Amino acid sequence: MTSKHISVGIVGGTGYTGVELLRLLATHPAVELSVITSRSEEGVAVSTLFPNLRGVVDLKFSAPATKVLGNCDVVFFATPNGTAMKMAEELLAAGTRIIDLAADFRLKSATEWERWYGVPHVCPGLLEEAIYGLPEVARDKIRTARIIANPGCYPTAVQLGFLPLIEHGLTKPSSLIADCKSGVSGAGRTANLGALLCEASESLKAYAVSGHRHLPEIRQGLIKASGDNVELVFVPHLTPMIRGIHATLYAQVPNASVDLQELYEKRYCDEPFVDVLPAESHPETRTVRGVNVCRLAVHRPQDGEVVVILSVIDNLVKGAAGQAVQNMNIMFNLDEKAGLSPVALVP
Amino acid sequence: MTSKHISVGIVGGTGYTGVELLRLLATHPAVELSVITSRSEEGVAVSTLFPNLRGVVDLKFSAPATKVLGNCDVVFFATPNGTAMKMAEELLAAGTRIIDLAADFRLKSATEWERWYGVPHVCPGLLEEAIYGLPEVARDKIRTARIIANPGCYPTAVQLGFLPLIEHGLTKPSSLIADCKSGVSGAGRTANLGALLCEASESLKAYAVSGHRHLPEIRQGLIKASGDNVELVFVPHLTPMIRGIHATLYAQVPNASVDLQELYEKRYCDEPFVDVLPAESHPETRTVRGVNVCRLAVHRPQDGEVVVILSVIDNLVKGAAGQAVQNMNIMFNLDEKAGLSPVALVP
Amino acid sequence: MTSKHISVGIVGGTGYTGVELLRLLATHPAVELSVITSRSEEGVAVSTLFPNLRGVVDLKFSAPATKVLGNCDVVFFATPNGTAMKMAEELLAAGTRIIDLAADFRLKSATEWERWYGVPHVCPGLLEEAIYGLPEVARDKIRTARIIANPGCYPTAVQLGFLPLIEHGLTKPSSLIADCKSGVSGAGRTANLGALLCEASESLKAYAVSGHRHLPEIRQGLIKASGDNVELVFVPHLTPMIRGIHATLYAQVPNASVDLQELYEKRYCDEPFVDVLPAESHPETRTVRGVNVCRLAVHRPQDGEVVVILSVIDNLVKGAAGQAVQNMNIMFNLDEKAGLSPVALVP
Amino acid sequence: MTSKHISVGIVGGTGYTGVELLRLLATHPAVELSVITSRSEEGVAVSTLFPNLRGVVDLKFSAPATKVLGNCDVVFFATPNGTAMKMAEELLAAGTRIIDLAADFRLKSATEWERWYGVPHVCPGLLEEAIYGLPEVARDKIRTARIIANPGCYPTAVQLGFLPLIEHGLTKPSSLIADCKSGVSGAGRTANLGALLCEASESLKAYAVSGHRHLPEIRQGLIKASGDNVELVFVPHLTPMIRGIHATLYAQVPNASVDLQELYEKRYCDEPFVDVLPAESHPETRTVRGVNVCRLAVHRPQDGEVVVILSVIDNLVKGAAGQAVQNMNIMFNLDEKAGLSPVALVP
């Protein structure tokens, strides 16, 4: 077993992606957890806030300090949007690599970023260098990246679902629909009325139908894969469960002779974390609960022109912390699966 | 207050639509509950099986007997598919009117029925006479009907959502997609593994993507409203809640100048049980929990060609028992709202 | 049917007890909803905040004003603790009667009140006059009361469960244990981390074991019923559901010959809202969801000395808004059941 | 890393304890999964039934055959009660050790067994030899045992909670009460109405108040620890969550001077899987979700005579499969923690 030789820092360890990172990194064979920051919880033991880490993590939250973070080999940002961009240049100068789980480095255009996130980008010069960390698309670039823009949860599920069709130019350009259902943990560990159990359980609703921040991120990825323009209707829904995203994807695929099942299996046969189910399958989100896996199924109902792709991930794992660890494993030449247990907790 | 002058029988009162009928009819001002049948629970007090009815319903379940049922003014079938069609002719001959909450009389073609339900129809001669009981489409015919085919849950939510577009010929004929999410009560009160709390909670999945029995029912209704062919992709999902259907409907509407909000408000302004929300709304299923209401919202994201309709109902009420009571109210010239409380239980 | 002759005001209509009051009063045959106040939502339509009331309640929230409230026959306070006591004297002077759903008038001792609620009581002179509104104990005094202290949710379930034993002096004085389980709505409609779906679902915990504010309220009631001192251990638990309280009550009852089933049935035979189940029953909280009923079952396991009482209510109905309406019905000589639908929503 | 040198068989791998065993054993560093039996699923791939094991377990279910099982070093029975006792003698004769997760070997008295389980015991001669596998009590005997009776879920939570008090004779003998709340997975992966999501979610109820099979098991353990008689009232409750047991334990402890916090911390300081929380804590069941840990907290409310112990476990892990693996680790001189990941999945 590898020695604990990678020194890791986490900025913003009190949200759901933060505690999920802690869960994964605390038992990662190559990782030494060096520092976890939180302004609001400074001085509090991590295991006081998250008793599931009692006996495993004995760090305390500290105030964010570039000096300490700059001694880490890699720093994860599990922070609100707009935080990582403020500390990135200093950390890079200190030789620390960055994996940002928020959106700061996901969009290539600073203008688009400002449009969707409401504030100007403070280091637009780094946007070009940052690598969009979807390993199934950019593994080689991830190896040497200094900054990883860890993909959003919806964008991960949607892109992995559409990619095989898009890369082969099989879909009509303006026909894409992504009807996505997310668990409530996607809303984060913050006290907002809409995420209360009494508001969000036993109910289901769409939200942000007029435009969600993940839309430009998904489009950017699909356009790059297609080499052409891509139009997408994206409707996210809040569903009464803690974890899980189910993306139901619709695309018109006029070519009736292509074997879609084979296409998907080939595309992902070497991917350790994408699992194409047998034909006629319906993946359940719980089969990826807690694990860094995307499960896919391909359907063409009534042999019609519309193809239906079902794509499930755990929004906190393959949609956030797990994919971040996968990226770290690639960046540091570790076994890509290191620290990422493969078996979902069912039931 | 009206005297209790309508004698009502229920065949198959032990499922979820059955107990929901009981809940609504037990306090209906014009209804006298005369008989409730169940082979398996014969002799058992209804309130033993359903303690929420203690002190309100003092009937016992009896074995189904056409003689007794034939004395009722109206008999509701809350039975599995294939039951009502076996008793219909005899009851009609006795002068009893029928509201079937199952699928026996929903499809006009006996061939289609056999294809989707797996057994030959035993009284195909009645299919033409039976009225598809969607009051928003067929109120006048319902008044005088002898047999009501009470619509399915998904078909109610989907048709009410698409109708204004379809009736005005605004959609491209082959562009319709209905992505539907249902609570688990749609699976009925039967012991099947997939509906266990430990299987269905904290998870979400699509099912029957290759073809669901509600597909021909929806298409039949939309084709009738359109006067033309209609193609539809229909993907149902099982979601971790008890009640509620959320239909997310997609249609290409090339005409950019039509005011869809106004179109929907006009279409339903006189409907007591369809509520068109203000523009930019996202209806939650819990706002119709326990009530006979369909709430709709209309969106055209990014002013694109694809229109998104959000339609929510309670699958056991407007999707089953409530709509059946609404049909009964129409059939017997009662206030259409009689017995149908308007306020959902929130939270 | 009675005309709408009782003018009602609600102070603080934006919490869960507030919206539940609205649900019940909006369709109450004798009530005219005159005013609903909320500082934070002033000017907003009630049905915007609570879409389940669309088409039923067309009031807007207004700022609290004693002048307007003083024109009401009765004002309900669905406010945080410490609010009603500030407005009570002025309203009483205006001839308005008060039903406080918070704790301001529940304890007879101003000293005790300050000890548990952390601030001095501002109108201790009214504590003696205020009637503790448990109709099963104080119906006659409620009729003529000017101020009703509507009981807490736990105190309602626990007292109704213990009363028959206590009133007959059957228990050892220091042996009482109340192990209570509550749904999350008891925590109110406020954005606190612990009530998030992702924190409170799929988990269960005890809280406030060292001392909960409902403890002195329960003890006060039991001591009064007993005429003697009563010691009680009270452990509340937070459970992953929206509504419902299940109180599991333990008491040593040395007299083995008393017929407890009969005792309970006799005690409550004339009570419209207490339902003693047959021997060997286990009430489910869902059988009282949305209704103003307490269901009880009595057990003596292995014929031992310890008797186990199971008591279930809906914390928002018999534990809050429903009991408040029941009290109003008594105060205004209405049918005690008016506006209180008897059938729980199941499933 | 240890080589995979322990050959393991599982009888009855299709229930929740079975799939949980599979989850734990599939990644256990010393275990070679050799055979998994199921009559009903013979020939079906394990990962077809449990897609969370895709890519990890490639066994198929086979019919149970003593010959094949007899080649294993150890066989786990994750079967209904009454199965293991039929195969035990033959397996022991073949030199295979047995860990029974059902109840066949838990009670020392065959008469008691028949009384509670309704059929005569078929190998009463083995009852004396079988070791009750609560490592915190019987670690040394477990090392060399041929048959382990793996404790029930409630008995694990209750005994670990009461033991420090009992072992020191601090409680009044007849004062023990165990009010226990369990998730629905305790009811097993079988299609029964009461475990449906629509029956068990959004509700809570007690069950088996007159007598539950775990009562004699708990009493036997406490009597052994006490050396004296012990009376216990045990009330289990079904709560709307998948996993987790919360035992709330009450005992009269007259000695007011004993430092209970210290007592508990000392008792369990060397136990790898019992975690005594700081004073004033309230453990949440989710902090042990998926892990083999019991977390305890000790309270003495209002400094009274009644002590309250809060004890939480995951019923499928420390209450079943995890404890079984812990027992196996002890039996085969492995690190007691091998294969038992320490961090619960939160949220």
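Note that the chains are named A, B, C and D in the order they appear, and that numbering of residues resets to 1 at the start of each chain.
Note that in this section a residue touches a chain if its C-beta (ideal position, glycine included) is under 8 Å from a C-beta of that chain, and two chains touch if they have at least 3 such contacts.
Keep in mind the model is a prediction, meaning the values are calculated, not measured.
**Q** Looking at where subunit A touches subunit B, is over half of the residue numbers used by both copies, so same, or under half, so different?
**A** same
**Q** Starting from the Cα centroid of subunit C, hunt down the chain whose centroid lies farthest away.
**A** Relative to subunit C, the chain whose C-alpha centre sits farthest away is A.
**Q** Please tell me whether A-C or A-D has the greater number of C-beta pairs in contact.
**A** Ranking A-C and A-D by C-beta contacts puts A-D first.
**Q** Roughly how many whole angstrom separate the Cα centroids of subunit A and subunit C?
**A** Going by mean C-alpha positions, subunit A sits 46 Å from subunit C.
**Q** Any idea how many Å lie between the Cα centroids of subunit A and subunit B?
**A** Centres of subunit A and subunit B (C-alpha means) sit 39 Å apart.
**Q** Roughly how far is subunit A from subunit D, going centre to centre by Cα mean, in whole Å?
**A** From the centre of subunit A to the centre of subunit D is 36 Å.
**Q** Specify, in ascending order, the residues of subunit C that touch 2 or more different other chains.
**A** In subunit C, residues 16, 185, 189, 198-199, 201-202, 240, 242-243, 283-284, 286, 289, 347 touch at least two other chains, as defined above.
**Q** Within their complex, state which residues of subunit A touch subunit D.
**A** For this pair, the touching residues of subunit A are 1, 16, 19, 23, 26-27, 50-56, 185, 189, 202, 242-243, 275, 277, 283-284, 286-291, 295, 341-347.
**Q** Which residues of subunit D touch subunit C in their complex?
**A** 174, 177, 179, 181, 198-199, 201-207, 209-211, 231, 233-235, 237, 239-244, 246, 248, 250, 280, 282-286, 289, 299, 301-302, 304-306, 308, 310, 312, 347
**Q** Could you pull out which subunit D residues touch subunit B in their complex?
**A** 16, 184-185, 189-193, 195-202, 240, 242
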